[in-house]
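Here come two complexes built around chain A, the first alongside chain B, the second alongside chain C.
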Partner chain A sequence: MGKLILMRVLLLIPVLLGVSIFIFLLMRLIPGDPAIIIAGENATPEMLQQIREEFALDKPLAIQYVTFMKNLLSGKVVSIKTRRPVFEELFPRFLNTIHLTLFSMAIAIPLGITLGILAAAHRNSLLDNFVMVLALLGVSMPVFWLGIILILVFAVQLGWLPSGGKEGFANLILPSLTIAFALTSMIARMARAMMVETLSKEYIRTAVAYGLPRRKVVYKYALKNVMIPIVTVIGLQFGYLLGGAVLTESVFGWPGIGRYIVDGIFSRDYSVVQVGIMFLSMVFVLVNLGVDVLYMLIDPKVRRDVSKA
Partner chain B sequence: MKNWFCSVRIIYRRLRKNRLAVVGFWIIVAFIFTALFAPWIAPYDPSEQDLLASLEGPSVAHPMGVDFFGRDILSRVIWGTRVSLTIALMAVAISAIVGALLGSLAGFYGGILDEVIMRIMDVFLAIPSILLAIAIVAALGPRTSNLVFAVSLSTIPEFARIARSAVLVERSKEYIEAARAIGESRLSMLFRYALPNSLIPMVVQASLRMATAILSVSGLGFLGLGVQPPTPEWGTDLSLARTYLEIAPHAGIFPGIAIFLSVIGFNFLGDGLNEALNPRLKDR
Partner chain C sequence: MSSVSAKVLEIKDLQVRFDTEDGVVKAVEDVNLDLFSGEMLGVVGETGCGKSVTLQSVLRLLPTPPTRITRGQILFHGENLLDVSEERMNEIRGGKIAMIFQEPMTSLNPVFTIGEQMRDVIEQHRRVGKRKANSIAIRALIEVGLEDAEVVLSKYPHELSGGQRQRVMIAMALSCQPEILIADEPTTALDVSIQAQILAIIKHLRQTHNMSVLLVTHNLGVVAQTCDRVAVMYAGYVVEKGEKFGVLKAPLHPYTRGLLESIPRSRKVRELRSIPGSVPNLIDPPEGCRFHPRCSFATEVCKREVPILEEAKPGHFVACHHWRRLGY
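Right after this comes the complex of A and B.
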């Protein structure tokens, strides 16, 4: 078991390396002097010289990459605008994004799983059709548009909730509802598909053939078996969530990492963009790894196969 | 090939029974029609300014109202169809072709080639797609060609996976053995037999990806990183409408409805296709 997990961790290294090399090369494709790009338009000649040395810009690309990664990891990469280490600025914003994401998940996960399981249990019923059409609408809705509609209704028309900012709990409601709508739909669709598949399995049909009440078969045996894969798939949606947060944060002025990166683009603060995207990709990959490992640990089937091997 | 047409007919028959898929199909047809005939359908020139009418609400003369610069929103939405659909279509076509090639090469030849291709795909899967698109546009600038590239890059891995697994399944089948026995070359087997058989799952994926591509293009536009004004594009227009949303909500609502409807069309069709093709989901 430990070996298997170690293997998964080792397999991550080339992926993370690949991500960082890709982002690094992409930022080097920006036309212009890389020293100016790192230091900003109004940098003095001395500063540019210092940057050139610090980032080994006169050396071959491979050395530039290694130097950049070294500087990044030691926190030397600074924002052009504020001159503060990017990571120092990025981390509190990342926590804000997590805050928003977790709150949306707290709404979407129970709701989505319940709707999906109910739909599967009453397949082809009116409820099933209704939930599935609603879920399809949910995944088709552009988040930024939904956000704007919510602002128009609840902030502008009714005046119940603030349209942006991050002062208190009330500010959290509209952005998390925006994210939760699409997320609930997505989870409901996945939960339904998995439950439908489980319900067609032999052991379920056997249980029904033995005369067990259908209700018990569905909500006890099938549900038990389907929960683990459902939770796994939800974990794997985390990247999508971070992506959705970029747009939602822009609509509501939520000071999260997505907005930080987008602001970085507009102020040509490429250090922010580079570090931000690398950071989010790492988080994404690590969360997926965590979900996989957790899955291995809790699924008795996988556990048994491994101990046998 | 005849066999292939037969299966297309069966799919069509099953698809027709799926009401949502039919609805999706007609929505898409309507959008394509709008895109093709935009110059004749649109009542005004999309960049024609009538500053006296600025921010006017919906009326008979302007069914969707007028934006800040006095431009007819209906005409902009109609012309925007062309822009959004073209970029999304190009992005999906490119990623489907590149993904199919990479995936089938990986699946067919296996070994190191497979490892290398699929690990590179893993890298692009590791970056959340909208961030990948943002990074590319930020570095290369928001030109249309860069937008297409940005949106297609994050979709290539999924097409590659589908093609690879389809080819893997086909490779082990007897007819491929037979083809090899009569001396057909490996590459021609790949293109004549294995690849056409992965076509159907690719079409499902393409329809669903059209939906996400439209969302990505308009999302980039909304962030100000997409198609640049004054070109009419739904996301960009929506983002411009934000500043005066309280006075003129119509300027934001209608472009959003256009995005929403077109995405619904492709999602309904893709979902219906998936159900018609996937025997596991079929009613027993």
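Right after this comes the complex of A and C.
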């Protein structure tokens, strides 16, 4: 298992190289001159020239790329817009995103799994129908719309919670609920579908045929099998959310990494976008690695395949 | 053996229906089967003849809906299993009547060890602690020929071969000392060489544990090797039943004869015969005798009237309008 983890971490190097080239070229394909956008329409040609020289924007692409990579490796990439080191700006925002993600998942994972499993165990009951309608709403409702409604009700009408910002814990609640609602719905639907499918498997029939009580059949024999696909979905969502829930962050003015990178795209801040995307790629690979390790803990087949490899 | 022993299981006038989108499947019709203490009864028929449905009904394993048991009784020592509570049923399942299935690959839970699964079942029925359950499991595994029982207990199903898995299933059945073992095509999914071993184990255990065995199979050869009596099913009906030798040596029903003639025999090289046509659709089955469209002896009465199962010779029953004409 240690070997597997080492392999996957080493694999990060080619992945990040590929991402760096891809995102570098992609940024240069977008129309718009960072110098003009940052210095403004009324900037003098001298000012523009100064910015271009400072960031090597007037050099051939190959030189620009090499310069960027050199700066990256020495940790000295500077934002074109703010002229501050990108890492200094990125980390606090990433921490904000982690807060939001973890808090949302802390609500969504237990709630989603519980509701989905209960719905499947009591199929076609009132509870099942209620959960499924709610979950359908959750996956179909646009997050920005739900966010605005929550602001209207809890911030504007009732005045219980702040509508935005990140001063304290209270500011975390509404954006987390917004994300958690969609996430809970997704997990609940998945858990229910997988549980219904699992309950029709032959090994479940065996457990029933040997007189095990239904509680044990559902919550032990079926549940462990259901956890395998659920871990996949949660892992993917976790990686995705760590990339920043841009819409939610925008609605609530939450200074997360998603908004940071999107702002970088708008101002053609090549440094911010390139570093940001590479950083997120790395996070995504590492999260997937974590999911694979979890797999090994749940599924004995994966464990065997890994130890054979 | 069967003539003097007591009835342990009695399936009476069982009728089973499945509700499907295309209509109601008339899967089992007025099936009557008796199982006597210590005997081995074979239930034979093609895929879809209702044999598995009948036996799964005994333990109420079929999902409802879509399954409906519309008529009949299943009497275990006189207690109608179709009426008892779920709690009582869970005492009987595994504890009194154990079942093994066709697919040993998928019949064991992939994410728990054999030991975990066996111990759960043993603790459920024998009110023993974990350690005692473990030793019971080990003894059962050794009895079915898995000598390195302790190693097997720590394995996951995918780490065992098909034959080993079926042995594990039999050991699991054995571990709760049931009176009846229902074996639903236990050898169909296995290699021929393993099939004989598994049958030998079942035969042996039935004697040492004085179990009654209900063996479902589509293979008459298996019946000839192992069973005392046999019941032949076709399209939801029992069409013939009786002592093994009576039925196999002197079959009275044209379907049984067809089945026997379609067994390849290496010694006598002759043309292999098959029964013309195929198993009818049970949503809209043929009127009268359900076998008549495939039967070369069918007459007008066969198209109109369902033949009743009558005792042609002592202990030998047949459901055919023309058995007198066909008898050997």
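Following the convention adopted for this analysis, the second predicted complex is superposed on the first by the 234 of 309 C-alpha atoms of A that agree within 3 Å, B and C clash if a C-alpha of one lies under 4 Å from a C-alpha of the other, contacts with A are read in each partner's own complex, and residues count from 1 in each chain.
Going forward, contacts are C-beta pairs under 8 Å (C-beta built on N, C-alpha and C of every residue); 3 or more make two chains touch, one makes a residue touch a chain.
Since the model is a prediction, treat every value here as computed from it, not as a measurement.
Asker: After the chain A overlay, clash or fit between chain B and chain C?
Answerer: Verdict on chain A: chain B and chain C fit.
Asker: Which partner does A:221 contact after superposing on A: first (chain B), second (chain C), both, neither?
Answerer: It touches chain C, and chain B stays clear.
Asker: Return first, second, both or neither, reflecting whether A:51 touches chain B, chain C, both chains, or no partner chain.
Answerer: A:51 sits against neither chain B nor chain C.
Asker: Taking the superposition as given, does A:86 touch the first partner, chain B, the second, chain C, both, or neither?
Answerer: In the superposition, A:86 contacts neither chain B nor chain C.
Asker: Between chain B and chain C, whom does A:281 touch in the aligned arrangement: first, second, both, or neither?
Answerer: first
Asker: Once the shared chain is lined up, is A:119 touching chain B (first), chain C (second), both, or neither of them?
Answerer: neither
Asker: State whether A:35 touches chain B only (first), chain C only (second), both chains, or neither.
Answerer: In the superposed model, A:35 contacts neither chain B nor chain C.
Asker: Would you check which partner chain A:137 touches, where first means chain B only, second means chain C only, and both and neither mean what they say?
Answerer: After superposing on A, A:137 lies in contact with chain B but is clear of chain C.
Asker: Between chain C and chain B, which one touches more residues of chain A when both complexes sit on the common chain A?
Answerer: B
Asker: Answer with first, second, both or neither: which of chain B and chain C does A:206 touch in the superposed model?
Answerer: A:206: touches chain C, not chain B.
Asker: Closest Cα approach between chain B and chain C after superposing, in Å?
Answerer: So the smallest C-alpha gap separating chain B from chain C comes to 7 Å.
Asker: Considering each complex separately, which residues of chain A are in contact with chain B in the first and with chain C in the second?
Answerer: Chain A residues touching both partners: 200.
Asker: Quick one: in the complex, what on chain B touches chain A?
Answerer: Residue list for chain B touching chain A: 20, 119-120, 122-124, 126-131, 134-136, 138-140, 211, 215, 218-219, 222-225, 235, 238-239, 242, 245-246, 249, 252-253, 256, 259-260, 263-264, 267-268, 271, 280-281, 283-284.
Asker: Name, in rising order, each residue of chain A that touches chain B in their complex.
Answerer: On the chain A side, the touching residues are 14-16, 18-19, 22-23, 26-27, 29-30, 124, 133, 136-137, 139-145, 148-149, 151-152, 156, 193, 196-197, 200, 239-240, 242-244, 246-247, 250, 261-262, 265-266, 270, 273, 277, 280-281, 284-285.
Asker: Show which residues of chain C lie in contact with chain A when the two form their complex.
Answerer: Going by the criterion above, the answer is residues 59, 61, 63, 86, 89-95, 98-99, 101, 103, 106-112, 120-121, 124-125, 156, 158-159, 169, 172, 176.
Asker: Give the list of chain A residues in touch with chain C in this complex.
Answerer: So the residues of chain A touching chain C come out as 200-214, 216, 220-221, 224-225, 228, 298-301, 304.
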